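The two complexes that follow have chain A in common; it is paired with chain B in the first and with chain C in the second.
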Partner chain A sequence: MSSRTMARIRGVDLRVAIPLSALIILAFLAPVVMVALGIAPYWFHVAIVAMFYATLAASWSLLAGYAGQFSFGTMAFMAIGAYTAGLLGQFLAVGVVPGIILGTLLAGLFGLIIGALTLRLRRTYLALFTIAFSEILRLGLMAEHKITEGPDGLPMEPLVNTTSKVPPYYIHLAMLVLGLAIMYALVRSRFGLFFRAIREDEEAAAALGVHVVRYKIFVFVVTSMIAGFAGAVHFHYVEILTPNVLLILQMSIVITMAVIGGIESLIAAAFGAIFIHFGLEIMRPLLNWRLVVFGLLLMLTLRFFQNGLLHPILQFVLRREDVLAETVAKRKLPGEGDPA
Partner chain B sequence: MELEIRDIHMNFGGLKALNGVNLVIDEPQLVGLIGPNGAGKTTLTNIIDGAYNPTSGTVWFNGERIDKLAPYHIAHRGIGRTFQVTRAFRRMTVMENMLVPAMAIHPTADRRERSQEALEILEFLTIEHLANDEGGSLSGGQQKLLELGRLLMMKPDFIILDEPFAGVHPKLQETIYEYIRRVRADGKAILLISHDMESIFTLSERLVVLNFGEVIADGDPAVVKQDPAVIEAYLGEEDEEEEEETEELGDG
Partner chain C sequence: MLIFDQCIESISYLATLLTNGLIMGIIYALMALGLTLIFSVLGIVNFSHGELYMIGGFVAFFLLDAFEGLNPILAILSAGLATFVIGAIFERLFLRPMHQGKVQRTGEYAILVTFGFAFFLQYLSLAIIGPFPFKASRFVDLAIKPLFGVIRVFQTRVVAAAIALILIAILLWFIQRTWTGRGLRAVSQDKDAAAVTGINPLRMNNFAFGLGAALAGMSGAVLVQVFSWTFNVGIPAASKSYVVIVLGGMGSIPGALLGGLILGAVESLGTGCFPDPSRGLAYQSAFGLVIFALVLLIRPQGLFGRKL
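Right after this comes the complex of A and B.
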């Protein structure tokens, strides 16, 4: 069996699949090791929040990095999912799981509306529009404090009825893996090609038959649903929700995590979020200086590593073989270009 | 294949870019479209491919009115185009550039088969070795070839080539000639816009001349070439320029 066949079995690229599976297994086994070593539950909490941010950063990477839609609305869609789940639980006694499902769907519906409204907006205008949407939502949630409890916080049903951090850890891990799997499948399909073509040149993509309107709205809906799902799950874990999650600083953190990881790679963006969140926690003794370090890292990344800090490393480790490499190889004459 | 442009007017504010253009292409042939700068050539192509909605008039393709359709709907109906300024997807590989139209127009197509087909087209265009390179890393001429390759992946019936020879090295120009001959041999219709008179007169089976947004001549290239209105509007202007250039060279 040739090395190329070994590297790709039934269309699955093993050079990507093996390291990723190893990472998932490691993440799966981590709690066992952490409990055995007596690591404080606080670090479980840090890991849980990191996975929440990782899901959001990856969804923003799909929207902005792949499809070129520089939206600042991810936290707003996240909040729509979370508030929907919270309010349905509070007023209609809807259970946690149906609440999460309905929250995800409503976030998707808002993604559809915002996607349709911003079809003709590019870059700065799209960013400003989504910032305005996010602020309107935040102010609306503050104003309706009789319903939402405003800054006092909306109580949420617990995600699981236990004080242990292990079950929520696994739920967040499943959320992250599921979100990444859906988005990865999308970017590896023809949709990924279309998203990137739209990012590069909308008019040229349309002239080549890409249904620009359909795919721009589609990417908004998918990423909004993933953000809404993450919000609904995570705030059932946090058990309280305030409109402060919509502060522009929160959205900036998600964007920064994705940029430092690498916005044109879902996995790099997710790892960027985990890396930054753990880094910030480790640097906690530095007090506010840790945010200065964070800001400097962002500036250095933007200046010297536009593809992010982690993306080039991941590209090296997960060097992928694509259809093209295979077909080029087939077309070579026997012995041509192959190392002895 | 039948393209019919009926009484197209296009105004940009107070500027009349097209003023009652009528044109019928009802057989697979290579139609050259020429005219001085600002005559309305690119505006007309933008109307055919749906980028612009005309101020008035209609465009019909294979019996269907298409002037209200979006560009991607028009692409699905079999009209493909290149752009005057190349628009390769710069941060996508050459192969990915080729696969975009292939998968957009024929979504159920097997990606591996289309990749193989793309490689064959790239080989014909002499840029197969660049298949893994990003579009933005190609020279201007190579990007023109890539655009032509993408068109073939669409399998269109009607092709608009907007200045395919502009800024292209003579060696690559020869490849583009070959491309055009191959596309014509496949029975497709081509609308070729070019300022390269030699290419236009070599390749065109029919010549249409636009001036100030109106068709001033339409017919056999050899006949159109002798049309006094054309000479005055276009060729004469170039002759004068050439004469001036010759004089300048003589002075030098």
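Right after this comes the complex of A and C.
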């Protein structure tokens, strides 16, 4: 008990804070090392895309893992943010930064609408509804090709006017750290408890005074805004945007990353995304077989490691009981003794 | 605007759209029946339904390709058998543990694991078969004259719908009149009560999933002569099946039949009557999805749903 108190300064657990800050510093220094070693810019690109996916996977894990809302709409909100920024730039010559802000806000607005509409729907129905929503959006963006350029792709202003990959790397790193910080603060606060209470038992939570409607919509809006923000930033970097980002494959990749990382831990989900994205890049010579491996890994993780593959490792590295011990599935199962 | 005017003024144009829509609707109903069967017995939505449909189509295609003059009926039945086995194995390995308390959060698990299976099957067939589309030749050669002299129909689709009708009839007979069918219905109504009367719910789950998968596979086999076939052909097919079962009510067989017909008609009329024909075609699937979203919002239990 005393060692635990000593390891805390003003409520911040040093055993978490130190490794995490070390990682962030490492990520900040990585480009210097990479440039010094002469590593191809291609790997910068891989790292940038990995951080984009990490932001999305973490936001999905907040929505689905913490709050228990199984939405398949993360990519749709991402696309709303990106298309808003792109179309405003294209037609109204709105700058990059205001475009990103407006894209984030519009994604949040759509999150509000969809979150409010789907309040009654649970699990499967919500999953089906959000799949339908993102498919309608994709078909609409394809059909209205006079405005969106459809499959030819909407050109986007470059994020920064340079061919170097270093500035976009830092922008994406900042985006990831900011997104994680906001979400982490959220789940560490009372809101996190409310989300989990609603996930476990909506009626019981409501009976105990949790404003279920407010928090369900709130978490939908927050995660939509983070997805929209990530989309707007990332596609200014990619400079071209097609409705293909809404293909179900893209959403499956985000979900798989979060599940393999650890669906109930934001940081594990983000790490899962980074590891898997690099893994998929390294496995490129395997062509389509790498996606087969990926699908199999998803099924096996779900069946045998429900807390994800990376989450237990992270727990070990952080030498901590758990990032949030009580959130991880530890419910007693029928026909089993006391859980460890 | 030409097509739009035609839609208002010409009865024969409207009748053509409606007839063709209903023909597709019968096929949608067959696809959705498998999904609704799985939902009613296991209580889960199978997100890999479209991929089993895709595999059924490929099995039929390669059999017909390998054995010249093979009876298409045999090819369809083999496709059903193959997908039955695949479905039953998957159920045994990944879904049965849910009912034995080996998995937590079964609702979320079922969504994700069937979704993962879909992903796996899709890219497995891409890796094995490749990305190129295949087109099977017609099952039968017969010329169909326009009905009443004005309503033109697609020959391949009519054949597909006829086979689908026969399969639906066999399925209904099986569910209503045989002991196994009664067992399935008993488990779907009350698992524990069924177990008391000597039905093994776990075996029924396994059988229901296999049968649902076989229905998906057979509808794929029936349609392989209609559309060109690729590894990702299951995605739109599955989304249509979801629309149908949500519209009809999850787990309801009459709902799946009626829902299929409604979806077919709406898609056909929506596409044919959209003011701008090129965009109308692009929006074809969107019409169904809009209905779907509306049903979920206004009446989530669908037309014949038991409860939500």
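Quick note on the criterion: the second predicted complex is superposed on the first by the 312 of 340 C-alpha atoms of A that agree within 3 Å, B and C clash if a C-alpha of one lies under 4 Å from a C-alpha of the other, contacts with A are read in each partner's own complex, and residues count from 1 in each chain.
Here is the rule we go by: contacts are C-beta pairs under 8 Å (C-beta built on N, C-alpha and C of every residue); 3 or more make two chains touch, one makes a residue touch a chain.
Please read these numbers as outputs of a predicted model, since none were measured by experiment.
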Next on the checklist: Quick one: is A:Leu29 in contact with chain B, with chain C, with both, or with neither? Answer first, second, both or neither.
Outcome noted: neither
Checklist entry - Once the shared chain is lined up, is A:Phe194 touching chain B (first), chain C (second), both, or neither of them? => result first
Checklist entry - Is A:Val97 in contact with chain B, with chain C, with both, or with neither (first, second, both, neither)? => result neither
Next on the checklist: In the overlaid three-chain picture, which partner chain does A:Ala206 touch, first (chain B) or second (chain C), both, or neither?
Outcome noted: first
Checklist entry - Which partner does A:Phe294 contact after superposing on A: first (chain B), second (chain C), both, neither? => result second
Checklist entry - So which one touches more of the residues on chain A, chain B or chain C? => result C
Item to check | On chain A, the residue positions that both chain B and chain C contact, one per complex | outcome: 331
Checklist entry - What part of chain A is in contact with chain C in the complex they form? => result 64, 68, 70, 117-118, 120-121, 123-125, 127-129, 131-133, 135-136, 139-140, 142-144, 248-249, 252, 255-256, 259, 287-289, 291-292, 294-296, 298-299, 302-303, 306, 329, 331, 333-336
Checklist entry - In their shared complex, at which residues does chain A touch chain B? => result 190, 193-194, 196-197, 199-201, 203-213, 323-328, 331
Checklist outcome for this item: Contacts from chain B onto chain A in the complex sit at residues 49-51, 70-72, 75-76, 80-81, 83, 87, 89-93, 95-96, 99-101, 103-105, 107, 111-112, 115-116, 119, 131-132, 150, 154
Checklist entry - How about chain C: which of its residues touch chain A in the complex? => result 44-45, 47, 93-94, 97, 100-105, 107-109, 111-113, 115-117, 119-124, 126-127, 235, 239, 242-243, 246, 279, 282-283, 285-286, 289-290, 292-293, 296-297, 300, 308
